[in-house]
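In the two assemblies presented below, chain A is common to both, partnered first by chain B and then by chain C.
And now, the complex of A and B:
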């Protein structure tokens, strides 16, 4: 009932030592960026069907339960649905429209439904790939990978390391805030507030009650963390010249995965072009 | 050496409000390898002093030199000081940065820009000293609080500091683990010459320290060996502190003419003279020791069988935290127990034993994953059961008052419950007034005060008032004493005792320590790893003190004393409920020896 940590799966890493979890984070990041870019480019159902096949292979390698990954999607389904309806209704076909239903500027056409479905499919793939990356990559790996890939930017004076530290801390606070919200909700429920009741407006106004104590405790925590980091010399020696304990080593699997991803991506691009 | 000369510090907001400085005109020296304990009530300036030592704050007047380097310096010198002075805070969650143990420990050396091999060597060494090697690759969020605290210390140690400051590190851990932690830091001082500066509210923790500093109102009140400090019992009590129970006991017994006791007793062993070899151990058997047979005959207590007429009854109730995720964890395992109306019950178990989950179930905040939960003989799982009614009858005072005070002013916060019930304004006002007065806060004085400006003890009272204003039949306290100084603990104890007097209120008190619980409740349920191990009256529970200690449950000081003397006097009973009983026990043995 009042157990948020069960539903908020954002940014959670599942350490199940699967092939995906063990992959070099730099390679994983490159692959993920490639695939995410690909899904935003693809525009034919055939290409997406092939993409689905690839994702099934990916999923088998991750040893994760599909239900768990999809659960965190649940709160967004209503938004996706609304977005879909709107897109269909406001879709203006390029050529002479074949309306199934039409009124004023609103209308339903076959082309509209197809195009809107494609958008939903694209969002789902995007969501799946991003979640997969976060579930199979620990935060340390993720940020180390980014730092390593971003090293050239650091050289030309963009403080990529500092930016990544900001990301690390922001992500670190996600589970802490979830626990905090859960705690506050429990305390309020115990004193007679019912979160499950009322209309949408009432529910939102109840959530607003959580905000102030959450900000107060959040600022306190950030302050302590800031002191703790400075006490351990974060930001010393003038710039941000941190050295790292970890070193990456490319394995054969990583190279194979990278080649495979590039191959699949180019193949899908070709399929997509031919299909049009 | 750290040297403070006439140091004064005031927070700017307090200065404007005309509040005297947090630290006033302090001069002192801390030498390498010394173990120093700092005690003082909440708000006496201890934490400010430690932040000054660690160069997090800079004094407004006076100077602080760390190995000749002034903390007011900038640049390289400042980082040099921060490297030499390591600091560990109360709550490990607030200070751990990385996500795995090994990365956390490496964070400091990485900031200092060492080579990879140097970082690896330092990390390895720090992990080894704190016995964390087996946990190196684990994710920090999976660790228990006490392990997190050890990781925090390892992280500081990897900086190879000369001074290690611990700001109330044992607030969130208890029993055996707290003892072990303190032993480890003392070993660091003796073996590696690191000065340890330990802030605490627990007097018996510091009897083995080299030096104790007592602070009051931003000044140093006393500075000396534990022996010297604890000799001044009356003065300590005047500033809201205390002496260890063993010292108090020694004081009383000495006044009764026991000649062999030193003027200041610091360890239980000093209470009774060592045995002469001629006296055979059989000679001193006073009472037959509580036999195992006797215990097992008492063991199958009927309390554990759920009684459906009770206010709460659990039957084989289990709860799985984060069910259907890879992180699923069974927090409650087939728990059966019943609590009758008007009882005062203790739920005692180490951290992670399922106490908080059990409280959530009892308060109707979560439903058991399997098994049955009856409230006033009604099955809560049936359709149409009114959960809101259960919640309105059961009040919970959660562990941290900060997460249950959500309004701006005290009056508004206390009236939160009544407002949800939509009572009349006059009624709400009456409830707020009664509840505030019940917790000993004046209505006129406190109702318009800002909640964020309250002290720790006041916050806890306001939180309790907020629960009382809902007019509950049951009130549950989850670890209410955490973080309070001796005076705050005494006051809260008195308050709970008064609440207990009111006839139809059922009080449930959850804690990882048997201290306080033992004197308050009439039944104790001992929990471990999500199951109820045994349930009994306090005296019977204490007879098994040894097992409880092994479970990492903190024992009352009286029992600790009895337990440590027992190796020499096997006849000594450990089921002593209070100081008077322990005195009587000791007297029996004393009379026999002499």
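And now, the complex of A and C:
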């Protein structure tokens, strides 16, 4: 419990130099956003079957073991199952269905089971795609990719560079704060405090013993970092332009992957419309 | 160029100074810490779901001390984080995980800005309460609208929990906002309420 820095792993990036891991982060982001957006609006089993086919190809390219990804899903299986049961029981169709079993507002119908199953399938696909993105992309690549994709937004006045800066600062501060929390916990434990005991109010006040010093040190670090950054002329005035350490270059594979994803997405949309 | 000593809570509300960027970053880091350190980000409750979260408190603080734009950004990051490390598959849906969270900081800032001229502590408590309530109402609303849970099931389940969460958020916001203003005034301890002669030390 007290060796926090050992347990706290941030980001699940697996650098196995597979094609998917080496892909340009900009292209990977576009593809992931496209696919995630698409999956959350697909509404037919046929489209999801095609999507599964595409995911199998994707998975072959990632060289990750399927068990490794599915293992992270294991804690939610029961949760998903309970949600599925509730959805079936409370399903309220537009027109009068053929009930298999019906009592008061509860009921089981074939349409209800099909619709609920579709929701579960969609959730699983969303989970898979988002997990895949975080498994194959490091945090630095992700922020760099977002920054260069957001460049047009910066032009029309949305502060995307500031947003990326916020993310970078946050990621750099996490290890510092982890050490700090670890020290605070050890200090309080040495004084005989047990964090796992007590009623609600006692727990809240124990939590405050950790949270308040954490925020105080955070506010102090804000002051110091602010002066350091201002002294190095950080800021965005008119005509200022920041350059990056690493420049991205599109490879042939990236272009092919992008075209393939767009083709698959448009195909899925067409299939979805036809099947509906 | 922004000036170094500008108080982030008194500069123009929608402008993005360097200090505001850093505040948003540090608060986002605290949000991450609350999420990943076991037992820190939530308080076990004796009910069905079990845990009252305090992960939205940094977002509320961001809205209160540094204006709406920081509230918006920390809300966005809170949402993106909970999207990427969601434990329930429903939160892998961006309309549930990200969109509702962007409003936490905004409502907290609006409440604080409206009430601060009467009393700062009351304003902070109200902002904490409203921010936590925004989180619960919008996320549960999104879950219902997206059809993951029917309304009859989820509302009784989360009601008690959300009230406790809101009360915890209100108390913590008062304390943390006070701390921020103490540090902002460059004091090394809380200001004395009695005169020097009456103090016990």
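Everything that follows uses one rule, which is that the second predicted complex is superposed on the first by the 186 of 276 C-alpha atoms of A that agree within 3 Å, B and C clash if a C-alpha of one lies under 4 Å from a C-alpha of the other, contacts with A are read in each partner's own complex, and residues count from 1 in each chain.
Assume contacts are C-beta pairs under 8 Å (C-beta built on N, C-alpha and C of every residue); 3 or more make two chains touch, one makes a residue touch a chain.
If you're wondering where the values come from, they're calculated on a predicted model, not measured in any experiment.
*Asks:* With both complexes superposed on chain A, which partner does A:14 reach: first (chain B), second (chain C), both or neither?
*Replies:* first
*Asks:* Examine A:169 and indicate which partner it touches, taking first as chain B and second as chain C; both and neither are also allowed.
*Replies:* Touch status of A:169: both partners.
*Asks:* Would you sort A:247 into first (chain B), second (chain C), both or neither based on which partner it touches?
*Replies:* In the superposition, A:247 contacts chain B only.
*Asks:* Which partner chains sit in contact with A:57 here, chain B, chain C, both or neither? Use first/second/both/neither.
*Replies:* After superposing on A, A:57 lies clear of both chain B and chain C.
*Asks:* So, A:191: does it touch chain B (first), chain C (second), both, or neither?
*Replies:* First partner only, chain B.
*Asks:* So, does A:67 touch the first partner chain B, the second partner chain C, both, or neither?
*Replies:* First partner only.
*Asks:* So in the superposed three-chain picture, is A:208 touching just chain B, just chain C, both, or none of them (first/second/both/neither)?
*Replies:* After superposition on chain A, A:208 lies in contact with chain C alone.
*Asks:* Quick one: classify A:183 as touching chain B (first), chain C (second), both or neither.
*Replies:* The first partner, chain B, only.
*Asks:* A:158 contacts which: chain B (first), chain C (second), both, neither?
*Replies:* A:158 contacts neither chain B nor chain C.
*Asks:* Return the residues of chain A at which the contacts from chain B and from chain C coincide.
*Replies:* 1, 168-169, 172, 176, 210, 212, 216, 221, 225, 227, 229-230, 234-235, 237
*Asks:* Which of the residues in chain B come into contact with chain A in the complex?
*Replies:* Against chain A, chain B makes touches at 51, 54, 56, 79, 82-83, 85-87, 89, 91, 93-95, 97-100, 102-103, 106-116, 119-120, 123, 139, 141, 155-156, 159, 321-327, 360, 363, 365-367, 388, 391-392, 394-396, 398, 400, 402-406, 408, 416-417, 420-421, 452, 466-467, 470.
*Asks:* For the complex, which residues does chain C have touching chain A?
*Replies:* 1-2, 4, 16, 18-19, 21-33, 36-40, 43-45, 54, 57, 61, 73-74, 76-77, 83-84, 87-90, 92-95, 147-150, 152-153, 164, 168, 171-172, 175-176, 179-180, 183
*Asks:* Taking the complex as given, what residues does chain A use to touch chain B?
*Replies:* 1-3, 5-6, 9, 12-16, 64-65, 67-68, 71, 138-140, 168-169, 172, 175-176, 180, 183-184, 186-194, 209-210, 212-213, 216-217, 221, 224-225, 227-237, 241-247
*Asks:* Show which residues of chain A lie in contact with chain C when the two form their complex.
*Replies:* Residues 1, 4, 7-8, 10, 36, 40, 73, 75-76, 79-80, 83, 86-87, 90, 92, 105, 119, 123-124, 126-127, 130, 134, 159, 162-163, 165-174, 176-178, 181, 195-196, 200, 203-204, 207-208, 210-212, 214-216, 218-223, 225-227, 229-230, 234-235, 237.
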